[in-house]
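Order of writing sets the chain letters: A, B and C. Residues in each chain are counted from 1.
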Amino acid sequence: MIDTFQERYENRHEYAKQWKDKTGGKVLGYFCTYVPEEICIAAGVLPVRILGSHEPQDVTEPHIFAMYCPFCRDCLAQGLEGKYDYLDGISIAQSCLHIRQAYTSWELHVPTDWSYYLPMPHHVQSPRAVPYLLAEYEKFKKALEDWTGNKITDDDLKRGIETVNKDRQLMKQVYELRKREDPPLSGLESMYMVVSSQLIDKGEHARIVEDSLKELEDRTLGRPVGQRLIILGSENDDHEFIKMVESCGSTFVIDDHCTGTRYFWDQVSLNGEDPLTAIAKRYVNRVPCPTKDWPVRTRVPHIVSLAKDWDASGAVILQQKFCDPHELDIPAIKSALEEEGLATLFLELDVTVPIGQFKTRVEAFLEILDEEDLF
Amino acid sequence: MISAGIDVGAKNVKVLIQEDGKVLGKGSVLAGLDMGADIKEAFDAAFKDAGIARDKVEKLYATGAGRNEVKDADDSYTEVGADAAGVAYLYPEARTVIDVGAEEGRAIRVDERGKVVDFAINERCAAGAGAFTEAMARALEMPLEELGKISLTSTKAVPMNAQCAVFGESEVVSLIHQKTEKRDIARAVHDAMATRITSMARRVGVQPEVALIGGVAKNVGFVESLERDLELEVMIPDDPEFVSALGAALLAAGIAK
Amino acid sequence: MAKYKTAPLKSWERAKEIRADYYRNYAAAHEKGGLRWAGGAWTFDAIPAGLGDDVYPITSEPYGATIAFQKDFSDRCLQAAERAGYARDLCAYMRNYWGSILLNEYGWAEPGEERKPFPKPDFIWQDHICCSHAKWYQVVSDLEGGLPMFCVDVSVGPYEHTTEHGIDYIVGQMHDGIEWLEKTTGRKYDDEKLIQAVYNTCRSTSTWAEICALNQAIPAPLEEKTMYSLYVLGTLQKSSKDVADFYDELLAEVQDRVDNQIAAVENEQTRVMTDTQPPWAFLRVFRYLASRYGTVSVGSLYTFALIGNWIWDNGKFVPRPTPQSQGVEIKDRDQALRVLTEWELSKPEWQHFYHPKYKSDMMIQIAKDWKLDGVMLHYNRGCEGLSLGIAENRLAILESGFPVMVFEGNMGDEREFDEARTMARIDSFMESLGVPKLD
């Protein structure tokens, strides 16, 4: 059950192609978790997040200057290499500058029928953000209708909301189980669960999560839990790395990643409101990406409470090389966590990670945590 | 006309003497601290090789980063210009020149007349130049030629991230610790470097035919990785490290323009 | 014999004076009961102008560049920022700025005097389009132990797709911002001052564009190194009457240079443009171009349009006429904010944030109309905002037939600029353009 997620993650391209064959629907590749999947699903479209492959490549240098993050280059490489040739369209919601270049270069050089730039506001702490985003959603909805030929009714939107909400709520239940002294799943399994939700049909995903919940009821890892860790930072689906850390005597029990909690933590609450407004409120008020988290850094107390509630003793702070948005928050996050008595380990990710080198540092970090436990 | 070209690089000083397009002699010395002495030594070697007296040379052009040190040169060209001239003469059909030397990698696109249309130079990092393979050979404790040869026998691609030479070295060390076979590590090193060079070459656009010059063209392991990456065969002249000097000599003689 | 006659710019002294007054006034504001505020070069400085005539700004980018210009001080600033845990690849202006707070040294000093302690602003008034904009000041506030901060998000999409709701979003934030300013400073807001400041903003940014348009002339009356010292006034305070008046005078002088064929580079034989902020500690690159190759850099989209406002008109890229010249009369606060928003949204340097194609089109048009032989792109590791999409710009310019060379560097962190290699690259480029060396 729980291993289905990994299978879906690894075979994401085949999955999407089969989905198309089976349903005759359109597949939309999106670059950032601010794209409102609810509206896409209401239009009968399968939204799939475009991710990198963690393999060295030599095709993006003419398009993206080397000072931008490896993640955005890795994503673009997938397009240039034709791995996403089945996509019917692409979209991005305004987030950081780096990933935006993956989108614009893709639009310029990878043949795509449909492309949509959604200007998601940055000033999410302003009361002006929701009305603005709502107006943008109206446009987005109209564009989706024109593209698919499907009229999107309020009922469709409500269905979209319910589908996504249900999956979110189930994943949160799984996360609750990770609070246990002996968590029933590893950080790696959890990562596969969340990332695969970005890649496959939401209804199907929710069913697998439901089944997994039963399986997890009385499951244990079958190994010592070791140090309980929180992992946080920018995009991370580097399974090699997570596997390595968890094999050194530790378990990730919680995270703050856009391939983790940031993606699904917040629900759309309908409360009798019109569905588009409800969706707009959700994206404006969700746990933000650092580029939208100002003037107040709301994410800092959020991360601290996650760490506390999941009883983490240490934090692994990961960052994609050159990722300005996260670099601008890390000093504040680091000191807040340390104030709460959590030790932190900071590591910088590239397309591939030097596992050997990182392992030495992880082991040393875990050793410090083990020693702390003695006193 | 007999003319000479001298290529004053950071690591080597090379002189080539030619007459009407035929190479008469070559000389190369490792660059030391006394540039003037090196230049003289390289000339002496080339004249000896050519078996002619110095005053037979009617014109001398210099190229390379240290070209301004050659006081008696009649004119000078940049490495980019000299590379293009040398290759245009050897391979008129070449549209792309890739020059990988000890310290620097370059890619140049030339038109039908051998004129430079666009060029790219890899940024201050040894990971895209010969010094990288040398360092990796040292880490693997084998001579450089050996590194090239065993790489050809590898059957397995191991991904390695060579964003920088220092990082590359620590990756090699961890591959050794993981008991990866040396031949596969050798290939990983060449693949990583080829990825860098291909990346750079794609900036100018890789148009066939492609000529590969510079000292690293002699590393068979690298050549194989590069060809695999570019998905085409590259043309390599006999003395790939002398092409800049040749270009300068041809420009001096007016054979190349 | 030089090909053209040349003469120093008469307005030069006045430009220096305005800049010195600016940094001096900011530092001394409290002495006379005035206020100090900080914000970016693109912030809507016309809005705090409504708080009174004794309210002085300091804008972050030119301040960062001022520091970068002083190599040793910059080095200490960058190191201080790194020690405090800020990554080396972040915006270099930002790191210089933070460093100067951490070291508590003001990057501007009276000639011959020691550096004074950094004058802490009373509040922050910023805008946001580059991801670093608001975050920059969040850190400033951290470092200063908390400062009131307001920031207007302007990222509502490219000008050609401006929407009513996009303008409402920005104007709405501005209204909130004015209330916030009144609350934060305890001052009463004066709409009349706002209206004048909006007129000034339009006038100074439009006039600067007109000045740059004169550089289409052969020989070019201005070269880019000089332009840096002139456009900077607009980045300091585009809403000030002094700056707007200065540009009017400068326009007249440059027109005179064009009429009399007074060249910036006496042996002009080749014309290029650059892109993005230059490596400030290495402006001698421009001198090398001029003296060795008779190459004049006539500017860049950066110098023309970081503050200059331009618009497409029948396929031509022209200075945008001010609203007042089009008969617009501003009557109240809301209208002032709307005019200001609509005006700034067409800023050319805001367009590439959404897609490189907008910038490519403008650059290619400049290359044609300013009669360029080639383009030199500074791949600037110091600025994620302006280097955004630059690789695609390069491809598009090449496609249009103009030769392009790139050089990597950093506007504010000299450790990332390799002078010798850049010069070598320039030699190769000039050689490939067939430019004869001047001896």
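Just so we're on the same page, a contact is a pair of C-beta atoms (placed from the backbone, for glycine too) under 8 Å apart; a residue touches a chain by one contact, two chains touch by 3 or more.
Just so it is clear, the model here is predicted, and its values are computed rather than measured.
If each chain is drawn as a node and touching chains are joined, the picture has every node linked to every other. Comparing the chain pairs A-C and A-B, the larger number of C-beta pairs in contact belongs to A-C. If each chain is reduced to the average of its C-alpha atoms, the one that sits nearest the average of all protein C-alpha atoms is C. As a whole-number value, the distance joining the C-alpha centres of chain B and chain C reads 42 Å. Centre to centre, using the average C-alpha position, chain A and chain C are separated by 36 Å.
If you average the CA atoms of chain A and of chain B, the two centres end up 45 Å from each other.
Residue positions of chain A touching 2 or more other chains, listed in rising order: 61-62. Residue positions of chain B with contacts to 2 or more other chains are 123. The residues of chain C lying in touch with chain A in their complex are 84-87, 89-91, 128, 130-132, 134-139, 141-142, 149-153, 155-157, 163, 165-166, 168-169, 172-173, 176, 353-357, 379, 381, 384-385, 387-392, 395.
Across the complex, chain B meets chain C through its residues 65, 77-81, 115-121, 123-124. Against chain B, in their complex, chain C makes its touches with residues 398, 403-406, 408, 418, 420-421, 424-425, 427-428, 431-432. Looking at the complex, you find that chain A touches chain C at residues 61-65, 67-68, 94, 96-98, 100-101, 104-105, 107-108, 117, 119, 121-123, 126-129, 131-132, 135-136, 139, 290-291, 294-295, 297, 321-322, 324-325, 327-332, 334. Contacts from chain A toward chain B in the complex involve residues 55-62, 66, 350-357, 359.
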